[in-house]
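Labels run A, B and C following the written order; every chain starts at residue 1.
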Amino acid sequence: MNDLTYATETAPPPEMDSAKIAKIVTRNVNVYYGDKQALIDVNLDIYEHEVTALIGPSGCGKSTYLRCLNRMNDVIDICRVTGDILLDGQDVYTSDLDVVQLRAQVGMVFQKPNPFPKSIYDNVAYGPRIHGLAQGRAELDTIVQQSLERAGLWKEVQDRLDEPGTGLSGGQQQRLCIARAIAVNPEVILMDEPCSALDPIATARIEELIDELRENYTIVIVTHSMQQAARVSQRTAFFHLGELVEVGETEHIFTNPSDSRTQGYITGRFG
Amino acid sequence: MEDGHIVSSFDEELNRMRSAISRMGGMVEAQLSNAVKAIGRRDDAIARHCLQADAEIDAMEDEVEALTLRMLALRQPVATDLRAILAALRISHDLERMGDYATNVAKRASALNQLPEVGPINGIVRMGQLTHQIATGVLDAYAESDVDKAIAVWERDQEIDQMYTSLFRELLTYMMEDPRNISPCTHLLFVAKNIERIGDHATNIAETVYFQENGTRLEKLRPKGDQTSFAVVTPSDSDES
Amino acid sequence: MTDAAMPPTGPPPGGVADIRRPTIAHAHLRRRYAAERRFKLYGLASIAVAGLVLLLLIGSIVSKGYSAFWQYYVQIDITFAAEELNPNGGQVEDTTVRSADYLKLVRDGLKHAFPDATKSRRDRRALYGLVSANSDVVLRNMVLDDPSIIGTTRNVWLKLSDDMDTFAKGNIKRNLPESDRRVSDQEIGWYDILASQDRITARFNIDLFRNGDSREPEEAGIYGALIGSILTLTVTLLVSFPIGVMTAVYLEEFAPKNRWTDLIEVNINNLAAVPSIVFGLLGLAVFLNFFGLPRSAPLVGGLVLALMTLPTIIITARSALKAVPPSIREAALGLGASPLQVVAHHVLPLAMPGVLTGTIIGMAQALGETAPLLMIGMVAFIVDVPQGFTDPATVLPVQIYIWADSPERAFVERTSAAIMILLGFLVLMNLVAVVLRRKFERRW
């Protein structure tokens, strides 16, 4: 109860849409880097089989929020997270939850394509191997092929699976990273500006891929390109100075945002 | 309401677009008042002038369209900017239609001038003046981004409709009185209809202004004064055939 | 607002500025180019100086040491007299053969060659001094190999003694007054006679690579020191590589950043700057006195050198680990790899070329180190080639030090030769480091 009243004071309350299932629920999330507060009372729901875009100026906390969802912030010593982050109703920040298991459930794709300096095959097979998802080589082969197919890369690389992944073009590398992420069969895929290092054609391919992946996965994407957010997402959340300013249907955010800060940011008046 | 864009040339283009709409609005206003004058004073010269002016209005519409197209292609506008551009596009279209109707009124003025004068000319002129006021009001609302003004103007449209309904009945009566009146009265009927349409487009503009400012449609049910669709005037001596 | 008020950048109004500006800019540009050229010149000059010094150093070593790679031999007719080697006749007995007086055979052979030089004892001693003092061993080995030569006379090539060898190589000048050289006129006369009879020849000095140390320069070799060095470095590598890499990995990947780790880091960096003799003292105090390990042993030497090499390995390994892009760590973590898996599967393999390069450089440093070994007794005259980690041994740089200290003229060239060999090993190790780096370096 207290949560809800608090929520309404600081940010628009997350819409209670009964038709959609909230995959991830975050309530009153605060993140501190040492003395500096990076996120202030963020309340945001991520719905299943939807693409949620996080936008906002640099340093607004959108990447920080994203990294809370699979506890990538754990790596940073001085980072402290409070509040509730529930994945399927299960708090991800309790000590009895295995972070390895969490990251298998919540995959991540990074800003710069970062394939391992290994073969294409090994890149995709690495996740299943460490999680023991495949019994034997044949099964692993199947997983690798399926993942690459889902990432739309299979046709391009099927003849050269043993070539190094770093030899691919930037867009292919990023799709390889997506294939690597989906090889461990996650439920949620987090993407941290996945197209910022790519040319427009490669970007379009990734965006198309994101739209296809939506069918099977829940996707959260951080992007600096508002056009991209508009193109790929169903819901958009605008962060500013560590606060979640506004969240809503993407169409609504981009035609008629409620908050003047959102308005100013997306029309290019500040930020 | 807000600061300018970081990219100031975008602001310049938006301003150019707004001023183009305002100029176009001014031209349509002049066209309307001239056409009404041509009817009221039975002035062929004014009517002819109106016919020439229409081409300029069409050219303005093209200009606005080019401007909006350019901004849509190059600026990827969203939110207020997107709505402003969309509104400009729609308003320019409405204005062009209004210009066309006014021109049509002027054409009929030329025809009427060759026919004997019939009764309800004054009513037409008053209706034209009212419509002119409404058009002016709606263009002011656009120029000032004033939603309240737009709503106020929008509500006045029913006055035009009411005037149109009464004119409709009056003209029918004239025609029933004397078959020689049929020709001028038919022309007048069309003039009245055109003016009424101009009023409708003016209300469209008011709605567009509302959308531009608020991002939502004007949901209220518009008061409708036009009853002509349902008007039945039965001459006492006419047969059912 | 201010932008609008300012005129666009261009020449300011007023003739003076218009005229002056281009010339000022031009002069400025010229100065800049001149400065650049000067800077290049300074760089070239420094490289030239460094190259020259290096050339001088290597040139002097090579010019002194190249002659150590061959040895002059003299052909003497030796009669393997049966009365000496098999006085009882019949079956040749091993023990008699071993204990026979081969020196006498050598002397007899020499006397036979120069019958007129046997009048005084001095002459005889000078004559016997023509050949290496080790010649009897050569003869004994010949007989042991093939007893059937007993009773025959053979032409045997014997090594010239160190002084004669030095003279033969031209390192003792003929035109010096007799009192100033270690070779007398008489000996030169004999040498000339032998040379005229084609009884003097030069052969590759294989003993330099085959023998341990010796007091006789012509018998001294670096093999013992080389084996000592290899044993010592093996210990150093086995101790310092795992410890160094583990330390680096822990500090870089796992340790929390706090005052303690800072302190450790500062100490490691300081350790790299500690004079190596201090490590020797430490080794003396801890390994010899406290643990009671044997003196002069490669084991102790290796441990001491490992202590000395550790900071180098840790520092280079840490920088190699730092050079692995964090995106690789993130990628692995994002897939659900544990921190240990991240390090073992990705970070360490990627850092390996750098780590190995650092290790090899550390090893090369250890190979050239003498000072710490002084303290633990590895500076000793050791003839035998060490067979294990606890045998007394010496190492290459120490061997050089010992030879450089020896009075015999012939050790001068051998010192330089040993330096060349040591440098050769250092270059080889660095080459391996470069090759490893090239081969395993990956791009990301």
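Here is the rule we use: contacts are C-beta pairs under 8 Å (C-beta built on N, C-alpha and C of every residue); 3 or more make two chains touch, one makes a residue touch a chain.
None of these values were measured; they are calculated from a predicted model.
Peer 1: Building nodes from the protein chains and edges from chain pairs that touch, which of line, ring, star, complete or other describes the result?
Peer 2: line
Peer 1: If you average all the Cα positions, which chain's own average lands nearest?
Peer 2: Of all chains shown, the one whose C-alpha centre lies nearest the global C-alpha mean is A.
Peer 1: Chain pair with the most contact pairs?
Peer 2: So the pair of chains linked by the most contacts is A-C.
Peer 1: CA centre of chain B versus CA centre of chain C: separation in Å?
Peer 2: 102
Peer 1: Express in whole angstrom the distance between the two chain centres, defined as the mean CA positions of chain A and chain B.
Peer 2: 51
Peer 1: I'd like the Å distance between the centres of chain A and chain C, where a centre is the mean of that chain's Cα atoms.
Peer 2: Roughly 58 Å, centre to centre.
Peer 1: Going through chain B residue by residue, note those that touch at least 2 other chains and give them in order.
Peer 2: none
Peer 1: Give every residue of chain A touching chain B within the complex, in rising order.
Peer 2: 226-227, 230, 254-257, 260, 262-264, 266-270
Peer 1: Okay, in this complex, where on chain A does chain C touch?
Peer 2: 70, 72, 75, 77, 99-104, 107-110, 112, 114-117, 126-127, 130-131, 166, 177, 180-181, 184
Peer 1: Using the touch definition up top, name the residues of chain B that touch chain A in the complex.
Peer 2: Chain B residues touching chain A: 2-7, 10, 76-83, 214-216.
Peer 1: Which positions of chain C touch chain A when the two form their complex?
Peer 2: Residues 256-257, 325, 327-338, 341, 345-346, 350, 442-444.
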